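Look for subunit A in each of the two complexes below; its partner is subunit B in the first and subunit C in the second.
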Partner chain A sequence: MRLKIKRFHYARDVEEALSLLSAYRGRGAILAGGLDLARSFNPKLEGLIDISGLGLSYVHEQDGGLRIGATTTLTEVLESRAAREYLGGFLAEVVGQVANPPLRNQATFGGAVASAHPWADLPTALVAVGAEVRWVDQEGEHRARVEELWQGEFRRLLSSAVITEIFLPPWEGAFAFGKLSRNVGDIALLNCACGLGIEDGKVAWARVALGATPRRGRRLLWLEDLLTGEAPGEELWQVVREQVEANVEVGADRRASAAWRRAAAGPLLARTLARAAEKATARQR
Partner chain B sequence: MALEGKVVGRNVRKVDGLALACGRPKFTLDLDLPGALVGKILRSPYAHARILRIDTSRAEAVPGVACILHHGNVDRVPYTTAGQGWPEPSPYDNFLFDRKVRFVGDRVAAVAAETEEAAREALRLIEVDYEVLPAVLSPEEALAAGAPAIHDEDDAEGIYDAQHNIAAAVDIPVGDIERGFAESDVIVEASCEIPYSQHVALEPHCVIAYFDEDGRLVLRTSTQVPFHVRRIVARVVGLPMEKIRVVKPRIGGGFGSKQEVILEPVAAALALRAGRPVVMALDRAEVFTATRTRHPMRVRVKLGAKKDGTLHAIEMEALSNTGAYGAHSLTVLSNTGSKTLPLYNKAPHLWFHGKAVYTNLPVAGAYRGYGATQGYFALEVAMDMLAERLGMDPIELRLVNHIRAGETSPIFEKIGEGREGKPQTVKSCALEECLRVGAEKIGWREKRARRRREGSWAYGVGMSVSMQGSGITGIDMAAATIMMNENGSFRLLVGATDIGTGSDTVLAQIAAEVLGVPVERISVYSSDTDFTPFDTGAYASSTTYVSGMAVLRAARKVREAILEVAAGMLAEPPEDLELAEERVTSKKTGKSVTLSEVGHRATYVVDQRHIIASASFVPEESPPPFAAFFCEVAVDTETGVVRVERFVAAADCGVAIHPKLAAGQLEGAIVQGIGHALSEELLFSEKGRCTNANLFDYRIPSALDVPALEVVLVDSEEPSGPLGAKSIAEVGINGPLPAISNAIYHAVGVRLTRAPFTPARVLAALRG
Partner chain C sequence: MQEAMKIYFELNGEQRYVEIEPGESLLSLLRRLGMKSVKSGCETGDCGACTVLLNGRAVRSCTTFAAQVRGKRVTTLEGLGDVDDPHPLQEAFVEAGAVQCGFCTPGMILVAYELLSKNGAPTPQEVRAAISGNLCRCTGYVKIVDAVLLAAQWKREGKWR
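Take a look at the complex of A and B:
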C-alpha cells in the first residue's frame, strides 16, 4: 500500500469534481470516507478529489421513500429520524450491522454504493428494496436501479462520475435483514434481505436478496415466486429451508466453504422471512 | 486474610496513566532522530528454497541507498531469537541471513536508505535466484519418511534431530502408565488441536538503532527482554556487550511476541554498516507472518480414573509445530505438560511425551500461556468427557482431583526450563473457593440441570480450570535499585519490563508500601541496560513475583538505612522507630521526623551518604496461580454460529497488589482466549503463503465481542511472594478454549476439538 498522491482537491461543486476527474484521466479519484481508498490503494492515483463540501450529506423522507445524499456517513444515517423510520427500522437494522462505530463514522452511503463489495451488507439490502442510484457525469444526470448499475461495468462508469444520491422507494409490507459473521464488526459470511407484503394472510409479494455468497447480493426470483400466494408460517419456512439448500447457488472463498453456505443459507433466509412476515402482519393490523 | 496495605491492595492511579491518556510521546518510534535511515527487509516468496545468487548492484545504485546486507556480506553466527536465560534451551538455528530460506517471509536481505521509498525501490531491484525446494507444510509431512530436512546446515547447534525435522522432544514417564490404565475403571481420550494464531499486539515490532556520543550502539526497541536483546545482539553483530545499550521505552503490548529478538540484530547490523542511525518498523502483514505465533499443536490426553473419580493415570502426547525455526520449541513443549499435569496430582502414573517439529511455515514462539494453553484445551475437554462417563458433575471431578496447599507433584521436579525442574510444594491454593464462587455466579447448578432451547438456539454451560506458574525457578533473576532523594522522595530503577501490563505501578506500590509513602513519591524507571539493574524480562508470569521480590528486598534495605539515620536524629534505637506516612516516628515518645528531614540530613548535614540499595531475587519455586472458568454459550444448530453469552472467571493470584490491573489481565486473557476459540486462525495457501495476514480477514475480538464478563479475584496469600502475591498474567488464557468447547457439548452434544469453532466446523460436527 504505497500512497503516491501529489494533489488533494476540495471540490466546490459537482461540476468541478467532474472536470477534475476528467483532467486526471484515470489518475484521480473521488474521496468520500476513504475507507476503501485506504484499504486497497490504487498505485496509479495521483490526485484525490474530496467531495465532502458538495452539500450531499442529508437524509430526506419523500412520499414514504428515502433520499440519502452520497456523502452522508453511515452514522448520520443511523442517527437520522427519517432513516430510522423507513420501512419500520429496516435500514437502521442493516446499517447498525455494518463494521463498527468508528468505521461507520467514516464510511459514506455513496461510497458503499460505489464500492459495492460483494461481501458487503448494504448492496444486498439495496437490491432487495430496489434502490435507485442517481449520478452525474459529463453528459448529465442519470439514474438506475442498483442492480442494473452493478450488472454493468459500473466501476469504469463511476471513474468519471459522481454519485449524488440514493433513493430508497416506499413499500407497503415489511423488510428484515439477516447476517452471519464470525464476530461483531466482521463482514458477512452470508447475508440476506427479505421483504414481504401480506394480504389476507397470504404473501402478496416477496423481495428476497442473498449476498456474500461470496458474490454480491442478488435477488432470488425463484424463491420470490415460490413464496408468492403462500401462507406465511412454519410450514412455508420449512419449505424455504429445503428448497434453498437444494437450489441455492453459492461458492467458496477463504472465509467459508460452499458446503457451509449451502447449509446455512436456508435457515438464514427462513428466519429473516419469518421476521419480515411478523413485521408485515403487525403493520397490517 | 489479604494484606490490608496502605498502598498494596488498592487501585492507585497508574504511574504512567496520565501521560498515556494525554498521548505523550513515550513509545519507541516517538523519538525523532534527524538523519536516520529507514531499514526494510527483503522477504522470501518461497516456503523453502536455496539462494543460488544475490545481485545487489542495481539496488545499490538507487539514490539514497546506504547499505544492503545479505548472507554474502555478513558473518555467519548461529543463534536463537528466543529471549531466554543463557544458555538458552532453544536451538541455535538462526542466522542473520542464511543461504537458505525456510518460510514465506523469511529474511533474504536488508536495506538501509534515506527514505522508505528508496528502501522499497532497492528491495524491488535486488536480484535473487532461488532453487525452490519441496516444502513441508504440516507436522505430519515433517515427520514422514523421506521428508526434506529443513535444517540441513551443519553449523546449527542444539537441534534434537535435524535430519528428521525434530527441533525438540520430551519423554517424561512417572510411575507405570500401562499399569495405571490397567488398574483404572474408566478410560477416556481426547485429541485437541490449535492452529496458527498471532498475538496482534497493538504496536508492531519496531526499533531505532543509533550511536551515543562515545560511539556506543544504542537500541531503543519495543521488547519484553532488554537484557537478552543486549546479549543476543552482541553475539550476532560481534560487539562486546558493554558497547551496546538497550533502552525499553513504553511498549504497546507483547504477549510473548516481543520475547523474541527479531528486528534488533538487523537494525544493529545496518546501523553499524552504514555508520548512521536506522529506524525499522514492521507492517502488520510482517508482524503476522514474520514475527512469531503460538505453536500450533495437537495434544492427545488419555485419562484413567477410579470409579470415585480419582485420576489414576494420565498420558499426554503433544505434536507441536515450531515452524521454520525452533524458538522456544523445547520449553513451550515442556510447559504443555509441566503447567498442566501438576494440577491433577492424585494420579500416580503419568506419561508426558511429544515432539516439536520444523515445517516451512511461520515461526512459532512464546505466546501467553506458553504451551499450557494447548495442553489445557485437551486436558480439560478430556476431564469433561470423564465426568460424563462417571456420571459426575464436572466441578465435583475437579474437586476430587486438584492439587491443594501443602501438596506436591512429581512433575515439578521432572520438568523444568528445558531440563529437570525442582521439587516444589504448593503453599497457596484457593481453587476450591474459585470453583464455588464461579459456579454460583454463572448459576451452574440450575443451568446444568436444565438445558435451554429457543428455536434453533441451544444454550449450554461449560467449565474448566487451570494453573500456571510465577516465574522460572532457579533461572529468572531480577534486581532493583532504590535511591532516596534529599526531599524524601525515591527513585526506583528496575530492569523489569512494563509492556503495558502496569508492572511499573505494581512495583512502585510494593516499594511505597515498605517505604511508607504514597506511590506519587516514587519515580519508576524501567528499563535501560545502562542504568537499571538486570532483569530477565517480562515473560513466564514473572514480573510481580520475581521483580516484585527484588523491589521488596531493596525497599527493606532502604527502610533500614532510613531508620538508622532517623535513629541518630531522634536519639533512639532503630527498633523503636516506625516508618509510615512519610515520617519516622518513635513508638515510645511519639516524636517524629519527616522523610524529607531524613533525606536532607543524610545528603547534606551529618555523616553524609546516599540512601540507596540494590537487591536481587531468584525464585526457588514458581507458585502457581489458579483459576476456574465458567461460560454460557448459545449455539445456532442450523448455522453453527456460536455466541459466548456469559463468562465468569474466578482466580487466585495470591494478594492482588493492584486489583484492577490484576482483573484487567484476567479479562484481557479471557477475551484473547475467546478469539482462539471462535475466530482466530492464520490460513495458508498450498505453497505456504499466509492468505489472511491482515486484521480485516484475521478476526480478533473487539470490545463489541466481549460477552457479559465477570472476573473475581479470590484471596489467598502466597508466603514466598512479595507481600503475598503470585502471578495473574497468563493463567486466564488457558480457560476459554476448553470451557467453550465443553459448553458447546452441553448445549448440543458434539465435541469441538479443533479450534477455532467456526460456524462451518460447528455445523459440520452437528451434521455428523
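Take a look at the complex of A and C:
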C-alpha cells in the first residue's frame, strides 16, 4: 500500500461525505471497496472518506429495470435474485466474468463506474444497456447516461461528488456479453456487449458496444444501423465479421497490438451477436 | 503528518483495540499482530497470498485498508486451526498432497472455506472458479482441487467444525 494519507473518515451520511470532500479541496477521495485506491500512488491525497456506512448497498427491481446502490459489491449483485434475472441473466454473465470471487467481494458497483477503467468489463455492458448514473454534489442531485458522463471530464466532476445509484433500464430484447482475455479472470484484451430486439424475423433494434480497444467501451452506431432491418443468421454474421475488420477503430497497448484487435473484433462481435439473437428469439417464443 | 488512529475489530474470535496508520493496509496490520499466515506476494491484488476472511468473505488484505475493518470480523488461517489442532480443510490439503512450498496455501484454504460455507457439494469446476484468483507456482492446482473436494466430502460426512 502506497498511500501516505493523513486521515481516514467514516462518513455517516451523504452530506457529511460531501462536506468532507469539499474541505479537502481535491486532496480527499471517496472510498468504497478500496480496491483501486489501495493500489494508487496519489501523493496528493490527504484524506479518505469511507462511504460503506451510508446504506447504499442494495439491488431493487423497478418496472423491469434495476436500481443498484453505489456501495453494493459485485458479489452482492451476483447474489441478488433481481440482478440475476435482469435481461435474462445478462448482468450476472458480465459480473461473473469480472476478476475473481475475492476481488468481487470487495469491488463495488459504484467504484467500477467511478474508476471506469478503459479495459474493464462493466463500462462496456453499461454503455450497451444505456445505464444511468445518479450522483449528488453541493448543488444537488444529478443523473446522466454513463456514456454522457464518461465523455466529459467525469474524474474532475466526481472529485466533489458521491455516486449514489446506478439505474439499468428494462429492454424487450436480449443482450449477450463477450470477452477475450489471456485466462479466466484476467482483464480483457477486448470485450463487447450486444443487444438485439427481433421482430418478424428481423432485427428491430441493435445496441452494440465494444471496449478495451484499448479505449473504454463505446457504441458502434454504424454497426447498429447495419444490423437493423436485417435477418439474423450466418449470412449477416459474415457481413459483421468483414465490416468490423474493415471499419473498426482499435489501437495498441502493452497487452495487444492494433492488428490483433482488428482481426479479433469481428469474430468476437459476430459470436456475441449470434448469442444475443438466439436469446432474443427464444424470449419471443 | 499522519495521525495515528485506533480501531476495534475482531481477530480470530478475539476483540482487538489497535493503533493503525490511516493509510496502512490490513496486510501490514495483521503481520504486525503476528499473523504470519498472511503472506505478502504482489501487494497489487493479483496473487491472493494475502487472503483473509472479512465477515466471512475472502478478500485481499493488501488492497484493504486496515481502517476498513473497524467493527468487523477478520479471520486468518490461524483462526481455523494450527499444527496441533488442524482444521479439516488443513488436513485435507496435507492428505491430498496439495502443499509444496506453502506460500499460497493459507489463501487457498480461506477461499475454499468461504466456498464450502456457501456450497457443501461443489463440482470440480466450481472449485476451480473459486480458487481462480489465487496463484500457486508449485502444485499445478490439480491437488488443490482434490483437497477441496475431499474437504467437502468430509464436511458432508460431518467431519467439520
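Everything that follows uses one rule, which is that the second predicted complex is superposed on the first by the 284 of 285 C-alpha atoms of A that agree within 3 Å, B and C clash if a C-alpha of one lies under 4 Å from a C-alpha of the other, contacts with A are read in each partner's own complex, and residues count from 1 in each chain.
The definition used in the following text is that contacts are C-beta pairs under 8 Å (C-beta built on N, C-alpha and C of every residue); 3 or more make two chains touch, one makes a residue touch a chain.
Given the structure is predicted, the values throughout are model-derived calculations rather than measurements.
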Given the touch rule stated above, what does A:10 touch, subunit B (first), subunit C (second), both, or neither?
second
Figure out whether A:255 sits in contact with subunit B (first) or subunit C (second), or with both, or with neither.
first
Identify the partner contact of A:102: answer first if only subunit B is touched, second if only subunit C is, both if each is, neither if none is.
second
Taking the superposition as given, does A:44 touch the first partner, subunit B, the second, subunit C, both, or neither?
neither
Given the touch rule stated above, what does A:184 touch, subunit B (first), subunit C (second), both, or neither?
both
Once the structures are superposed on A, label A:156 by its partner contacts, choosing first (subunit B), second (subunit C), both or neither.
neither
Would you please give the residues of subunit A that touch subunit B in one complex and also touch subunit C in the other complex?
39, 100, 184-185
Under the touch definition given earlier, write down the residues of subunit B that touch subunit A in their complex.
117, 120, 456, 636, 638-641, 678-679, 683, 691-692, 696-697, 699, 701-702, 704-705, 758-760, 763-764, 767
Interface residues, subunit C side, partner subunit A - complex
1-3, 5, 22-25, 27-28, 43-45, 48, 51, 54, 57-60, 62-65, 67-68, 70, 111, 114-115, 129-130, 132-134
Touching subunit B in the complex, subunit A uses residues 2, 39, 100, 180, 182-187, 189, 241, 254-257, 259-260, 263-264, 266-268, 271
Write out the stretch or stretches of subunit A touching subunit C in their complex.
1, 3-8, 10, 31, 34-35, 37-39, 48, 50, 52, 75, 99-103, 105-106, 184-185
